[in-house]
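Look for chain A in each of the two complexes below; its partner is chain B in the first and chain C in the second.
So, the complex of A and B:
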């Protein structure tokens, strides 16, 4: 918070096209690792590691009544909890603005890309639908939770299997082979603007120095599905065009990590 | 009779038994639990006669009198500045110890040190309640220019500095940079963009291999290689 010296230094380095850890401006940390099926008790799960950032994502499924405006569609809930374990800056207690935004951006990525074919989650119209709950918990926040969280959520949804269901009760001890009905994969890339430079995959110190950020979500077929702007500095339409191009280009790398 | 359970220089974890019986005394980082002496933190065992001590391998900084630290200004108060010391306790830099200049009554204090500035300061006093006082009067105490700030483990600071500054001096000479390391685990680096990363890597290397013999040679080798590579 308000670390003026770090921000000044990040900016001086960026003017010479250099970053704190020696990476190029548009280079992700390595290795990017995605491990699915990490938690046995969850229906789906994934552990994502990008550099020192580590995120665990779990997917739980249950049968619930649908929302009145979407009687034939399954429910999706995304929740993120920024645990004190993952960063000295996070406190326990009710969710703060950061965790709410993280959850909403990832929720939007999944929802607006129509990743889950939610009509196929309907069991009985207006009465019973499958509800998918995605929980994101960072284990270590070394920056860029947005991309790591989204990547984890997508990998966890891909690995998810329905629990046993006999029409009345869900049996979580039973695992079926039935996968979630999924469509084309969305990829989320967050581009940060510091000074007049654009970077991807910031580490914590760079995140603190960020003037503006834009989370770009696109599908593997190249269709844009969601944007989220953050930070205090306004962005020109030229900036946004550049950031989207960069997001789509870098998305290919992340898609590779998903296999 | 008392029995020693661990050997000299052994790595122990908190709660581990170190010795049995009243013949041994718990020193720094150890405590007595009835008949036993136990470790209170992660560290290396050091035995001096009957006294068992631990050299900590990790842990937060605790302010100590006469330490030279690097702190960050977090608040301007009526009578001075509040400084973050990278520990659980923030420190106070009172007006009279802040600078050798004369500060007029009602002066704008941010012209001396403003929020977000980093300063090299000395701990003048730590009370039993852990209220910390600092001074900026003295040789080698000043406000830092813009540069790279990194955090290192406070327990590794003596190794990073080396015997009378030999280790940090070697890095400075090899990379032609300025480095300040505070006892509280904050280091400030002013180097060319090419060399900055070499300095950071060298410091990280010292942190990682601090308990290994021949560290100086290892760091020297690393520096020679890194500097040569970047020089080309």
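So, the complex of A and C:
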């Protein structure tokens, strides 16, 4: 089936409030599992499974010079590699726009929610700060890498422990018990609009049929901290309000997987 | 004094504490770990973990790369950025990973028959979430299982292990600690066609006496027989065949 036929089929089903895999429109796939500390070579890690989608996230830490505009704050870097391992549609080569958007949206979820207390990552103002590098590697992309990746990044950061550091060099063989300085947890839910229906947690065929999406990041204290609209169709104010409400409602459910 | 001590230590015959010289680290193997792929497998030896996905046979673009007489095998080898024991590994191919992809391809090719698929490509994607020496060998073991899982016509499986010589002691499956030992050491990754015992990958880094090397290679072949059984059983497990 080509993409146009898939879209027609998805839309016909959605008109009857049905989905390709029999789920309700606002139902996440099962199982949702988050396993932390999965990778021993990383300072923090998580393996997230949502239905058939599987993502590995690793956190590496190092000591670097701070950026000139934030001399007393640690550095954060989020990167996603959509390599050909996880889908026949991904090709090797430099990161495409899809992986760049994915990484940047997850970066914003972590950065703008002030999840990491980055001032506590400062070792010597203007000279040395801890750098936190989050890498997202999908193993099987069956849809919704945005939410799976964000959930994995948050779980991996929660599981991270500082490596040894003697003031000069980082000793990766030494694992301390010291956790990252973290604050209130953000959670990311992406709502898709197909025709005039709103769904969450799309599988790949639904993602291809999506007219518009809105990634809604809110914090456990209820504050909104990041949004990203994607897709080529416009959204009305009414759509936006509904999508945000749905994102917050579903986020509470997703946050339970982190416990 | 320390120099003398160091020299004395170097002269000492290496003896393993946690396992026998001809013993590998614990191995786990699983077939069918990536749903999107046509074939896939996980191979874990010690902490070193390799995932392999096979996509194809499928059309090859750009067209000029294709072979009108048979399909081609295209291997990629990638360490996930958090897989290294030290600093973050920069993602994307580098000289090391491209060479490993090349020798992996050549290690697998002798048992693979792609004559039925002219102008096509079979992609083998190897990624390592966690590493602790022996990554190319783990990648080859996983790739061989994934190719079989994808139903690619194969004469046999390929099994692979690194052997070495540590201060004159031939050993099988070096750990990272052993790789980094001071003294006269060698690291020899090798791959073997299970049935015939022929070698399809052979590299050597280090210093070693010829006799010790040949002894180590024989030990590697024995270890590959055990690895072959593990690979075979993992395949049987997926397809519900009795042991």
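Points worth noting:
Keep in mind that, in the parts below, the second predicted complex is superposed on the first by the 257 of 259 C-alpha atoms of A that agree within 3 Å, B and C clash if a C-alpha of one lies under 4 Å from a C-alpha of the other, contacts with A are read in each partner's own complex, and residues count from 1 in each chain.
Just so we're on the same page, a contact is a pair of C-beta atoms (placed from the backbone, for glycine too) under 8 Å apart; a residue touches a chain by one contact, two chains touch by 3 or more.
Every value quoted in this text rests on a predicted model; they were computed, and no experiment measured them.
In the superposition on chain A, contact is made by A:39 with chain C only, not with chain B.
In the superposition on chain A, the chain among chain B and chain C reaching more residues of chain A is C. In the superposition on chain A, A:18 makes contact with chain B only, while chain C stays out of contact range. Legend: residue contacts after superposition of the two complexes on their common chain; A:5 is shown touching chain B, with no touch to chain C. Once the two complexes are laid over each other on the shared chain, residue contacts for A:119 go to neither chain B nor chain C. Touch criterion met: A:56 reaches chain C, while chain B stays clear of it.
Contacts of A:172 after superposition: chain C is touched, whereas chain B is not reached.
Shared-chain residue A:88: touches chain C; no touch with chain B. When the two complexes are overlaid on their common chain A, residue A:137 makes contact with chain C while staying clear of chain B. Across the complex, chain C meets chain A through its residues 33-37, 47, 51, 53, 55, 58, 76, 78, 80-88, 91-93, 123, 125, 127, 129-132.
Listing the residues of chain A that touch chain B in their complex gives 2-6, 8-9, 12-13, 16, 18, 20-22. Chain B contributes residues 72, 115-118, 144, 146-149, 193, 196-197 to its touches with chain A in the complex. In the complex of the two chains, the chain A residues touching chain C come out as 38-42, 45, 52, 54, 56, 58-60, 62, 79, 81, 83-88, 92, 94, 133, 135, 137, 139-142, 172-173.
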